[in-house]
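The following blocks contain the structures, represented as structure tokens.
One chain, chain A, appears in both complexes that follow, with chain B as partner in the first and chain C in the second.
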Partner chain A sequence: MRLLTHNMLSSNIKGVVNGFPLRIEAEKVVEKTVEMNSEFLKKMFDKVDWKALVDASRAMGYTELPEEVDSSILDSDEFLNRFHHALLELHLEEGALVCPETGRRFPVNKGIPNMLLHEDEV
Partner chain B sequence: MKLKQLEGLLGGLQQFPQPKVELEQYPTGPHIASRMLFTVLPHSLYSPSFFISRSLQSLLIKFMILVGENFDWLLGFKTIFGAFACSSVNQAENSFGDVSNKVVADFGCGCGTLGVAAALLSAEHVLSIDIDPESLEIASVNAEELELDIDFIQSNVLDLGWRGSIVDTVIMNPPFGTRKKGADLDFLSVALKVASQAVYSLHKTSTRDHVKRTALRDFHASSAEVICELRFDVPKMYKFHKKKEVDIAVDLWRFVPASHQRSTS
Partner chain C sequence: MASRPEVIAPPEIFYDDSEARKYTSSSRIVQIQATLSERALELLALPDDNIPKLLLDIGCGSGLSGETLTENGHHWIGLDISASMLNVALEREVEGDLLLGDMGQGLGVRPGVIDGAISISAVQAKFDMIMQWLCNADKSSHNPRLRLKAFFTSLYKCLSNGARAVFQVYPENIDQRELILNAAMHAGFAGGIVVDFPHSSKRRKEFLVLTCGQRSVNSSVAKGKNEDGESCSDEDSEDEENQKVCISDRHRPRKKQKKNNKSGKGKEWILRKKEQMRRRGNAVPQDSKYTGRKRKDRF
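Up next is the complex of A and B:
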């Protein structure tokens, strides 16, 4: 699972108010190189929750994203490379996503998060 | 990517070994999937001949599931029973650029065909969701074999929590609601909340008015258009079939979610 997916998921357990962002417990992270698309990144820059992406990438062992950013940083190729890497090339292969409010763990196996809710959570 | 190439690649995908009738599982065949996705590409790649059908395998299998027949032997089913009818009137404008360089989600992905097709057609990020772990395993093998990066999530599509408006386009071949009434519209309701640009979906033609009304009035879609109608006849094949032939029709829809104007590129 890429961090772009992580950035759009939230815990939807019944009663939970702030289910975003899910905390990442990383046991195994894999990197897969993909071609960079700067236009796409620029569009995504406005849509991602930056703090969630920075925290998620750190949980995955990648610490190169700056904490504070504004849109002028998009002129920097170095920044775009880092943003691209964090957003699309890091994959959580084994571990868990944890609901920030309840601590409920959603396990991630073979890169696939199991977000199925129990009957009493729906 | 040419249509033929796409159909060829999709034809190599593994499908459900033991389909679960309660989930209304049936493969989205390569013919339908490739055409469904080509509809959403920019105009230059589009030609009306894509809508001339030779095989309606997936829809036929879908029908078999609707009538409750055992699925197994159908996996090898290749014969054409139907005639694919599609209005040519709107074809020229039925190309919207909703996939290439976009974030695409496949709801109820099964063995992953539509998501794979989206990835092959240069979607930047594909997110495929299904409730069934065995389907997801096959889907991820399918993606791997074609060296495609697709994210999979195991979840009930209706229960998943979303943040922001990152998904551009939702593509889906939802359960028709034979097992659980209204399941296709439940999927549509979620899809129209999650997608920011467009939703492509298949629904039974017999429910067309209801689908349109529900999408516009209850789900606040800003537009709901049938792109084409898939119509086919199934001759009597089973002892429980009462009629000599059954005519089944399915619509391919394009919906535009609330507050997004239809964009033709």
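Up next is the complex of A and C:
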């Protein structure tokens, strides 16, 4: 699972008000090279929750992303490269996602998070 | 015909490893799925600016439709309830991210981030399964209405303003379609059904196109495809259904059949039949001055 997807996911357990962002417990992280598209990155920049992305990339062992950003930084190629790497090239292979409110663990196996809820959580 | 899968077992149990492999190893299914996804992508009416979009593939299975999305340069997130199907998708090394989840429980995606959603099924049974499993009460806690509501409200939330969702549906399930449409409208979607090749029983395809947000108010639903490229709307097919069936007066004396000395059916008849076949999407030779001409007596 890429951090792009992680940034879009939230916990939808019944009664949870703020299920975002899910905390990452990383056991195994893989990197896959993807072609960069700066147009896409610029568009995603508006949608991505920056703090969640920074925290998530730290949890995956990537610390190059700056803490504070504004839209002017998008002109820097170096920043775009880092953003691209964090968003699309880091894959969480094994580990878990943890709901920030209830502490429920969603296990991640072979890169697929299991978001199935139990009957009492719907 | 084998009995339908949705009657046999819930999806996470029915699509075990062997079923999942069967589905993906059929080249016919792969091809149909590709054309359907291509058409669904067209119906999504994404802005034509060459920027990759973030799309959602609902019931992505082994990622067949996702591959079409990748070919068109988009990023996608696939959701499916069958772990075996997702394992096949992993083996095929699809580009998108996969999630194991039940759409009847809601999607669990942050609001306003998805640019479009599709749901394609090459096999009718699979569509029935998606919807029926959504509508069915497999477990005691499953309430079809609640599941549909959870699905559509969460879908509405996660789509960005003006984004569309395209579901391929099968015409046989009119009652179910009603239930689904109602749930979608309740969630705030606008839209309707687009019919491709309405006159052909084989090639007829129906898509449920839902639009969310502001653009939905003034945007019209896309037109269905026809063989000649002319578009036809949903209305005329409905008209046919609504037409009354008249029972002719049985006491009226039968009209004497006109005695027709001409042999054969004539040019007009042939042209009419050819037109009919064209509408059904069959390959028909062109009309020319030789079409339906009279043969020599000596023949």
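The definition used in the following text is that the second predicted complex is superposed on the first by the 122 of 122 C-alpha atoms of A that agree within 3 Å, B and C clash if a C-alpha of one lies under 4 Å from a C-alpha of the other, contacts with A are read in each partner's own complex, and residues count from 1 in each chain.
The rule is short, and it goes like this: a contact is a pair of C-beta atoms (placed from the backbone, for glycine too) under 8 Å apart; a residue touches a chain by one contact, two chains touch by 3 or more.
Since this is a predicted model, take the numbers as computed values, not measurements.
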Which of chain B and chain C A:L9 touches, first, second, both or neither: both
Touching partner for A:E78 - first (chain B), second (chain C), both, neither: neither
Touched partner set for A:E68, first chain B, second chain C, both or neither: neither
Which of chain B and chain C A:E119 touches, first, second, both or neither: second
Common ground on chain A, meaning residues reached by chain C in one complex and by chain B in the other: 1-2, 4-5, 7-12, 19-20, 37, 39-40, 44, 47, 49, 88, 110-117, 122
Residue ranges of chain A in contact with chain C within the complex: 1-2, 4-5, 7-12, 19-20, 37, 39-40, 43-44, 47, 49, 88, 110-117, 119, 122
Parts of chain B lying in touch with chain A, wherever the complex brings them together: 101, 103, 124-125, 127, 131, 133, 136-137, 140, 149, 151-156, 159-167
Residues of chain A that touch chain B when the two form their complex: 1-2, 4-5, 7-12, 19-21, 32, 34, 37, 39-40, 44, 47-49, 88, 91, 110-117, 122
Contact set on chain C toward chain A in their complex: 50-52, 54, 75, 77, 81, 83, 86-87, 90, 97-102, 105-110, 112-114, 139, 141, 150, 154, 158
